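Take a look at these structures.
Shared between the two complexes below is subunit A, which has subunit B as its partner in the first and subunit C in the second.
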Partner chain A sequence: MNSLPLITSWLSLGSLEPHPNVTPSVIFGLGWLYLILFFMNVAWTWRSFHKGHHIELPAFVGGGHLPTAAIWAVYSTVLMLVSIIHLSCSSSPESFWLIMPDFAKAAIDFVVADARRYFAVTVGAFGVMLLFRNWLARQNIGWALLNLSLLFLTISMTDWDFRQIVGKPDNVPIVAMLFIVGFFTWLFFYRANENDRRAAQGRPPVEAENNEKVLTWPDLVYTEMICMIAVTALLILWGIALQAPLEEPASAVKTPNPSKAPWYFLGLQEMLVYYDPWLAGVVFPSVIIGGMMAIPYIDFNKLGNGYYTFNDRKFAITTFMFGFLPLWIGMIILGTFLRGPNWNVFGIYEFWDVHKLEALNNVNLSEYFWYGLGQPLPMAPAGSDFWTQAPYILLREAPGFLAIGFYLVALPGLMAGTIFKKFFVRMGFVRYMVFSNLVLMMAALPLKMVLRWAVNLKYFIAIPEWFFNV
Partner chain B sequence: MLNAVRGKAASAEAVVAAPMSAASVKPALPPMPVKPPAAKDKKAAAGVDRRSFVAICFDPLWLAFGAMAATSVLWLLDLARFMFPNVLVEPPTAFKIGPPSDYPLGGVSTKWLAARGVWIVHTDQYKGRNLIYALASVCTHLGCTPNWLEGEQKYKCPCHGSGFYVNGINFEGPAPRPLERVGLKLAADGQLEVDKSVKFQEEMGQWEDSNSFVDGSLA
Partner chain C sequence: MSVGDYIRDSQIWKSVFRHPAPYDRRNRVVVMLTNFFLHLHPVSIKQQGIALSYTWCMGGITFFLFLVETITGVLLMFYYRPTLEWAFNDILALRDVTTLGIMREIHRWGAHAMVITVWLHMYRVFLTGSYKPPREFNWVVGVILLKLTLLLSFTGYLLPWDQLAIWAITVGSNMARATPVLGHEGPGFQFLNLGGYDLITNASDARFLLLGSRFVGEETLNRFYILHCVAIPLAAAGLIAIHFWRVRKDGGISQPL
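Take a look at the complex of A and B:
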């Protein structure tokens, strides 16, 4: 009994807290991160100063020019102060105030801990990216976006659960990959916007104007060699710094919880939640590969060859980017950072509780249909043979067969007469049918995901008797 | 010296240039070459000259490919033999798990999960009948091992989130059909005996088979 006050005093100090959000070493490490950010931004301020970027001030503050370098200089100073605060912090970590506030954590978790909201936000962000591409792809905005994402990552490190999921040796390269994807997407729009502006002025694209040829040797070969050396050095450093995430010996009767595919297959694993294994694991991956190989034969747009552009290839680029960014990269993020024990969805600041309950009761289309009519499912008399059962099963799943048939057979025809009229005229029947079916199959994944989340739809066609589910 | 080289090159050009300027004065067409006669089948011309079977057999090319094919076939046969080892170091598929009284009503026993991959279930949640049966711990979606969650009273798969009721019927996530039962019977000595060599699928109506369960009132 005497030890109780002692224990409670330890608790108040936080030394017994198993999952401390902030520790002295975390604060110190973040201080170094902010210092790196500070030096990055000093360099950018210098660059901005020499480029002479400036902002036109509105009339009500007196008008005039504000050099962008001034804004970056103020921001760099703030970063330096923040870094000094971290590096010289000597008080107890509990009272450290430069942390991710709880209300922000709750707000972010509210969005990402629900697959519906997460998907809506990614698709929305994709639309915003396309709409505001001219503004977003400016250099200073690109730098600001990079800074925002780095600041988000840095300040989120003050949360224990976030550190666990992002700092896992498996996941560190995925975080790096997100920045790489962001950078190359930005770079594409930066170059495409330049050429689209030129096209609007009636000038040739950059690539046509500055088409200075370079030599394979030494220009290309040297570049390749330098890349090889840089990548080798990076891999060696990576191998030294991050330990390989080895787990306990494998056992046929114990599956790790959660059990995750390699990161590049997490999109497929997410697809397996919604479609049957033969579709999500065999048919759809083959269609993705075959469909990408078919693109050059489907495409009739002669523009956009050999130069960056968005306006000349709006449909092609939007379709590809939708498949790549929200559907592939977005699903990798979902699988890596948000899927936790029992394959439930968790927020990035949420504890991975094995006993988190998520209502997932799923209903087949046939059950919706027949129970909706107030009838039982058509079922063959018990013990009947295959030929007696088959008509009953087919009748039971007729709504699903009709829906799929409408989707893959009737819908291409309807689209040919309406939204894809120009495409149909340019492509001809066979090419158009291949094209429309590929587009519909790509759309089938988000469609099924939304139906699963909205009405708990399990399978359009569910025939477990024949291992056939769609 | 450089000048000397240049001088040589210049004189060489002059030598080349001289006949060209001469030719450009009046180009006389050279006579067209005579077209050679079409090639004829040498073998046909020389009469039948088939190599004998024996000669083919001793052709080094055929010998090499024949040896390679023979080695491949032998290797494949060896591989096939490898699939049937002389000794199988795995437990027998039929094993005894103690008397029915070890498995009281309303319980899921994970006692045999680690060693044998089965749950022993005693429940009245399937069609209201009091039954003991053995469920294989293999998810019917893609074959991971689900976890039995006592608090939630469900089997939950860590791979894609499939969930099954205590009786083995699927209700959440992508699993298309219920967990499979394996054989269970009451042995002569009063113990329950699991037989993993047979399986019973609910959606095929096989759970009515009397080999797939034991009367729960024996417990």
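Take a look at the complex of A and C:
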């Protein structure tokens, strides 16, 4: 196993070496991937056939029923043909036509190569997922979504830049994580919908039926044994197939561009774009940890304990999922796959150009306020001491202090009288204040993002003299 | 008498396993009570509570990965020396020449997998409302374990001593110098001063505590090595024991009330 050529090929980013989108080995590898997809879908067709599902055809084609298995059979056949085309391709790679078309690359990059549109799309997708959860959690739809995402991944492999970023050994688990998190989110809705339907009919949840006690040996210990063997096998295969990354020896003088934290902290590193290190790197992580510990003590809802449900705990699940999916996983994806040199956002098919420039003209809230009044910023005479400067600084940043005070003190009060009235009554003052402050701090990240994009806001409170920027 | 029966009838076998093989109901109960590893489990358990589509098996896989990391980690410790002179070369040798150098691959991929499974375990526990009374405290223990998992992974990231390692740790630990009051570029560090001299400087702040130096250097490598191999695993093992104990004491795997 010698991955040195691979390593040197990443290091040569930006060099004049050719970056071929398709090579014979890429085409051949994709042929195998399509073959695996084909077999997966043959199995699904078989399952579909035995379940005997039908879909109703619309009236304009004459009505009637069509077995779902027929659709999957056609799709599987197409996959087989595609696989054969790849595996038997002997013509020159340049003329290979089954590739991601340029207009599609341009369209996808247009959406993702911009933090604003990326965030809008992920939050939008999150909303769509919640709204259409009943439709999306059906089995055939779930399978179709899995196929769509796998097809997207495979056909994108025909792009050189995409392969560089997705094929990096440390990024492979992140790609896998996307599918795993997607699957379990789907599984949650599948089970929650079933229980919610049952609740509407006045029946107990699935978990409460057929719930006799069984002996731990063999029912649980065998499951555990199989899981252990499967995980061991997976790790060994993974270890054989993919070498752990090892770059050049450490050098304190050669700073890589971009310098990235380990992937699981990229959500925090992403926050650095919007908040200073003392908030994004210290205070917010502490609040996230503390806030998660506080969850059992602020959630007063007795329902939904020990079974899957969405309707019984709409607020709790929506809030937690919003934090976990678009804010945590979404930001890791942004940080891993889209952040390139100089921390600029790049498309997934875009070359990581070190010279890409993005204009940064951000304005502080205090500047908006005082210049808006047509006045200069309050400033102490040059060379004055700390106690002379302090009142000037505090006056200069007064709008920011008022805004933050309103956000964390007055706003919870306002919400207690309006949208969170029930929460306030059930929780009492202290618990309600902890709860509302946690929710508001979680909202502080998207809020700052939107303000940055909409009005180029840099800081609410800007006191670089004291390292106190909010 | 078959060989198997002969072995099972011997005094040695019987001194280890104090009852017949778990083929009948009685011995399936007894095995859970007399085996050290199995006694973590109750003797009998609710059928829906152990359904894979309910638990996702993520907590169990996380614990198993912790064991895999411990075993592969100990093996790697026999080989790897945490010094500037040897750290990178030892990893290079593990990659290219050492027998069973694949332990490093398994260790690294296992670590990535463990971060993912611990998140998914938390996701499942939240989605089934399993943190609700009487399991509030065990959720708190779980959050600390989540944090320890991330710290384990973070401290291990430095040990190969390549460009990927030191710059990821540099980016990550640079945050510490902005710690309020305790970081030399954090708000309020001026409050800690004695007769006009700052107590918090780049050689005494939170980042220095973490790195043992003003930059990521040999002291950092030593510090992270000990955190990674001794301190955090011990803390995690203790908390895992409490976590499992509390699962049993708080009523087992969560079920509809």
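As a working rule, the second predicted complex is superposed on the first by the 453 of 470 C-alpha atoms of A that agree within 3 Å, B and C clash if a C-alpha of one lies under 4 Å from a C-alpha of the other, contacts with A are read in each partner's own complex, and residues count from 1 in each chain.
Keep in mind that, in the parts below, contacts are C-beta pairs under 8 Å (C-beta built on N, C-alpha and C of every residue); 3 or more make two chains touch, one makes a residue touch a chain.
The structure presented is a predicted model; accordingly, all values stated were derived computationally and were not measured.
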Contacts of A:F132 with subunit B and subunit C, given as first, second, both or neither: neither
Subunit B versus subunit C as contact partner of A:K302, first or second or both or neither: second
Subunit B versus subunit C as contact partner of A:F179, first or second or both or neither: neither
Partner chain(s) touched by A:V253 [first = subunit B, second = subunit C, both, neither]: first
Subunit B versus subunit C as contact partner of A:F315, first or second or both or neither: neither
Touching partner for A:G383 - first (subunit B), second (subunit C), both, neither: first
Touching partner for A:P464 - first (subunit B), second (subunit C), both, neither: first
Per-residue touch tally on subunit A - higher for subunit B or for subunit C: C
Touching partner for A:F110 - first (subunit B), second (subunit C), both, neither: neither
Which of subunit B and subunit C A:L360 touches, first, second, both or neither: first
Residues of subunit A contacting subunit B in one complex and subunit C in the other: 251-252, 254-256, 259, 269, 276-277, 281
Touch list for subunit A against partner subunit C, complex: 170, 173, 176-177, 180-181, 184, 187-188, 191-192, 204-221, 223-224, 227-228, 231-232, 235-236, 238-240, 242-252, 254-256, 259-262, 264-265, 268-269, 276-278, 280-283, 289, 292-293, 295-297, 299, 301-309, 313, 316-317, 320, 324, 463, 466-468
Subunit B partner contacts - residues on subunit A that touch it in the complex: 251-259, 269, 272-277, 281, 341-344, 354-355, 357, 359-362, 382-383, 458-459, 462, 464-465, 469
Subunit A-facing residues of subunit C, complex: 22, 25, 28-29, 31-32, 38, 41-50, 52-54, 56-57, 60-61, 64-65, 68, 88, 91-92, 95, 102, 104-106, 108-110, 112-113, 115-116, 119-120, 123-124, 126-133, 135-136, 139-140, 143-144, 146-147, 150, 153-154, 157, 160-168, 170-172, 174-180, 183, 185-190, 215-217, 254-257
Sites on subunit B touched by subunit A in the complex: 113-117, 137, 141-142, 144-147, 149, 151-152, 156-161, 163, 171-174, 176-177, 203-205, 208
